[in-house]
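Both complexes below contain subunit A, partnered by subunit B and then by subunit C.
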Partner chain A sequence: MKLIKKYIPLAIVFVFGILTLLTYYVPHKHSVNFLEAMNKWENIVSAFAFFLGLISLFYSHYAKISRKADGWGYSIFVYIGFLAIAVPAYVSHGKNMNGSSLTWLGWAFQYIYNPLSATMFAVLAFYIVSTAYKSFRIKSLQAFVLFVAAMVLILGNVPLGQMIWEKLFGWTSCAISDIVDWILHVPAVAGKRGIMIGIAIGAVVTALKIIFGIERQYLGKD
Partner chain B sequence: MTKNKLIFFIILSLLTAGGASAAAKKSIPSPALAAISGLSAADMPYDSGGTTLLSWDADPTAPAGTVYRVFVSSLETGGWIKAEEFGSGEKMSGSLDLPFWAWKTRPGVHEVKVELNNSFGEVNDGQVFHFKISKVGGAVSAESAAVSGSTRGNWFRLDRLNNIVMLALVTIVFFWAVSHAKRKGLFIRRIAGLDAIDEAIGRATEMGKPIYYVPGIGDMTMVSTIASTFILGEVSKKVAQYDSTIKVPHYNPVVMTVSKEVVKQAFLEAGRPDSFREDINQFISQDQFSYAASVDGMISREKPAACFFMGYFAAESLLLAEVGATTGAIQIAGTDAEGQLPFFFTSCDYTLIGEELYAAGAYLSKDPMLLSALKAQDFGKLVVMVSVVLGAITVSVCSLMHWGVFAQLIANLFKSY
Partner chain C sequence: MPDTTLLIAGAWISAGLTIFLFSFLYKDNPFFKIAEHLYLGAGMGWWFQVYLFDVLKPKVWLPLMNHDWLVIIPALLGLSLITQFIPKISWVSRYGFTFLMGYGSGLAIPAGLATDFINQIGGTIQPFANLTGMSAFTFFNSVLMAVGVICVLVYFFFSLEHTGVIKKASNVGIYFLMIYFGAAFGNTVMARFSLLYGRFDKLYAFSSRENFYATQIILIGMVIYFILHGFFAGKKTASGEEAA
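So, the complex of A and B:
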């Protein structure tokens, strides 16, 4: 049992981890084909997993409805939403357009899915305003530096801000666009690169931990 | 009459003079273009095949505006297809993006990569192709004799030698740190966001409210998602110990399947397998905003005591974190998507930045073997820091002393190919 639950999965991870790592250094067609095969396998596994996900989704919402749990009415919309797309998709053979006219599926996408998705995306704008308000509360020196940098960027990107800058600091012969460029290309990029370097090294070490079987929580401990 | 004859002779002489001038102009020979010499076709090294490297001697006497045209054919005669066209000063030997240890630059030589796949589709190893170059300068042109060459797939990217050396170095330090961990403990700095996990779970237990663990929208091939499942394991173990409630809404069904096993195992290890329920992990949707809307709805209705956002996030990060913040939950986030970090900083109580997310599983488990791997991470960062400082000094000195070639060699060492 331990062989099946522990050693074989570890061996699979080791062999395929090393082979995938080697594809970065081996440009041969065999290496490219291997990567393509792995991607295909990933897609196949994902397709099966998606089916499992769908069962999980339906089961949990069915349980909510049958238990009459709080907010069970919302669970009905999961089934309605599923049918609203799945039935037109079946009738339209998965096609959005039939010549120049919309199929049922195309109609469902254009008039149900897209407006809902766009609405959710639009909400983001309001959250950004609320987040910006939180960020601009000056509670420390760092917050003050952030505030100043953000104000300069805001001023630099609107004509009114540029006019104000010209009036107040025109005598410095330093255009606000130069300062905006400097902030975006020097301190911001430096910070970003610092984070990215840390992430890259962390990713390498995490990969080594998994390949060599030191991190195996995904298998269970025994 | 005499006057008319005079006018006739004047016109005739003018016309004759003009004609003679035109003839004189025509008789000046155009400067001929030098012949194309030294043309050769070789397999492009360090590739998967299908690319030929053509090289020939540059013509320093070529007038301005001269262009080279590269023709390729799969037939022995005819069937020429134009593959490249460029100015006479372009595509010199040094312009190939290869480091000094993998490629010797030849001054005064044109080197052009011809990707045969673009013109002929799939190209087999050893398939012979024919090449010729024409040089066009104004009205005159010169053409080379055809040369033949074949391509093959290569087995090693020598240009990535710097990368493999760095990887070997990190791997050696990794194994040294792992073996060192068995002998004595290692000091690991405290990470406030991870220390707060106990507090968050304790709060949820006291309040009798659930904990939401959101693993993001990454798939199981992403390091951040893998790291997220490690943290989920540790969080679930504590939840099981405290007999609290955890809910894990999923975007990706593969991640859901893995997470289900991780949570089940955590409950088993905590000695509470009876508390495990199948609906802890729930698939929501594989559409970004549908997922965000659904999780937002669940958080708004159930008002959890704590929310964890660990993994890869995109635009939905703010949608989720802001809704969580409005419910008054303790929020701990961690992501390696640097574009989303500012949103988490402002909306969450604690945020793990990139590498801290990867280290979190080891930090929480307190397993010496896992903790030791963090030392390899620290070593990598040390190498980068020293390289950045030394590189900046070296390149600055080279610039001052006009040692451009030396600066280029140093830059080659740290470049990704």
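So, the complex of A and C:
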């Protein structure tokens, strides 16, 4: 039993990990075909992984409704929202446009999903600013540098900031957009590169640990 | 497909959902919660149709109809994930997960090395290959960037005690990190605000006579709700205090 429960899954990780890694560096027709096939397989398994999440979500909201838990009425809207997209998708065969006109799915996307999604992220604008106002305490030079970089970037991208800059520093013949460009392309890139190199090393080490079966928490309990 | 009626209905639904979500800025309320749950369901519905029509239909169903039996293997690996709901045989799901982990890990190594490691080091060194054709300002920028990258890496290097020169270099690294965090924060704020302007623009469009003043009517309805809710909630509290 230990063989099929533990060793075969670990062998699958090892075989697919090593094969994918090696084929990436082998410039041959077969390796390209293998990578394409694996990409397709990964898409298929990921689709089922999504269904796992969907069933889990539906089950938890169904349990909430059947137990008449606090706010159970809102759970019904999860199903309504799902059907509001899934039914038009079925009718339109998953197509947003039919020639130059919207299909039912296109309509549902434009007037239901898009406003919800865009507004949800737009609301975060207020929370980001209010949280920043509450938590930005310029106690050190480092915090001041962060604040200045953020303010220059925000003001440099709006007409008001450009007007203020023109009034105060117009005599320097240096536009604020040049400063924003310089921050984004020189010191910010230096900071980002350091982080990216660190992330790459971490990702490679973790991937090797997974392939060789050193890291196996994702298997869960026996 | 959509005729004028559907476009007007769309305008009303869109304006309503937008205002319901914005109403949370005043305080939590049932309209926001309805829109929030609708968003969750609609998001899942959207991905459901993407996976159904862009993955399962062309990559599983159609090949099976053409007697391409090889797709049964990933389909079975995928189906194994669903056994998570049956505790007695939930271990079967390991087959699907291990495939995803193996393939993902195998792909993460070359991708991580190529884009995040070698390319970043290359991008830092490459400008120095053209020293003769460089202006003084470009040279200064290249040196500043190289010094910044090294100092940030020193900051993240924990195998050496941060004292003396190492401490000084890591302190300089913190300043570069702060500039990056500030720039990232500024960019995030601007991206969110551009979404906000987009929503305001749509609300303005929905407030037109052609859309039967959808924005104004829904907005007035929400204000009346909050006034009535505040009035009755206040009355309830007062009567509760009297009874006590």
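Simple rule for what comes next: the second predicted complex is superposed on the first by the 169 of 222 C-alpha atoms of A that agree within 3 Å, B and C clash if a C-alpha of one lies under 4 Å from a C-alpha of the other, contacts with A are read in each partner's own complex, and residues count from 1 in each chain.
The rule is simple: a residue touches a chain if its C-beta (ideal position, glycine included) is under 8 Å from a C-beta of that chain, and two chains touch if they have at least 3 such contacts.
None of these values were measured; they are calculated from a predicted model.
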Which superposed partner A:Ile183 touches (first subunit B, second subunit C, both, neither): second
Between subunit B and subunit C, more extensive residue contact with subunit A: C
Subunit B versus subunit C as contact partner of A:Lys5, first or second or both or neither: second
Partner chain in contact with A:Ile65 - subunit B first, subunit C second, else both or neither: neither
First, second, both or neither for A:Pro27, with subunit B first and subunit C second: first
Partner chain(s) touched by A:Ile18 [first = subunit B, second = subunit C, both, neither]: second
Touching partner for A:Lys134 - first (subunit B), second (subunit C), both, neither: first
Which superposed partner A:Ala86 touches (first subunit B, second subunit C, both, neither): second
Subunit B versus subunit C as contact partner of A:Ile112, first or second or both or neither: second
Residues of subunit A contacting subunit B in one complex and subunit C in the other: 24-25, 42, 45-46, 49-52, 54, 56-57, 59, 71, 74, 116-117, 120-121, 123-124, 128, 192, 195-199, 201, 203-204, 206-208, 210, 218, 220
Touching residues on subunit C, where the partner in the complex is subunit A: 1-2, 6, 9-11, 13-14, 17-18, 21-22, 24-25, 30, 33-57, 59-60, 71, 73-75, 77-79, 81-82, 84-85, 90-91, 94-110, 112-113, 115-117, 120-121, 123-124, 141, 144-149, 151-153, 155-156, 173-190, 192-193, 195-196, 198-199, 202
Residue numbers on subunit B that touch subunit A, as the complex places them: 46-49, 125, 153-157, 160, 163-164, 167, 170-171, 174, 178, 219, 221, 223, 226-227, 229-230, 233, 250, 252-254, 256-258, 261-262, 265, 268-269, 278-279, 281-284, 286-287, 289-290, 292-293, 297, 301, 315, 318-319, 322, 336, 338, 341-343, 345-347, 353-355, 357-359, 361-362, 365, 369-370, 373-374, 376-377, 380-381, 384
Complex interface listing, subunit A residues touching subunit C: 5, 8-10, 12-21, 24-25, 38, 40-52, 54-57, 59, 71, 74-75, 77-86, 89-90, 93-94, 98, 101-126, 128-129, 132, 142-143, 145-154, 157, 182-201, 203-204, 206-208, 210-211, 218-220
Residues of subunit A defined as touching subunit B within the complex: 24-32, 42, 45-46, 49-54, 56-57, 59-60, 63, 70-71, 74, 116-117, 120-121, 123-124, 127-128, 130-131, 134-135, 192, 195-199, 201-210, 214-215, 217-218, 220-221
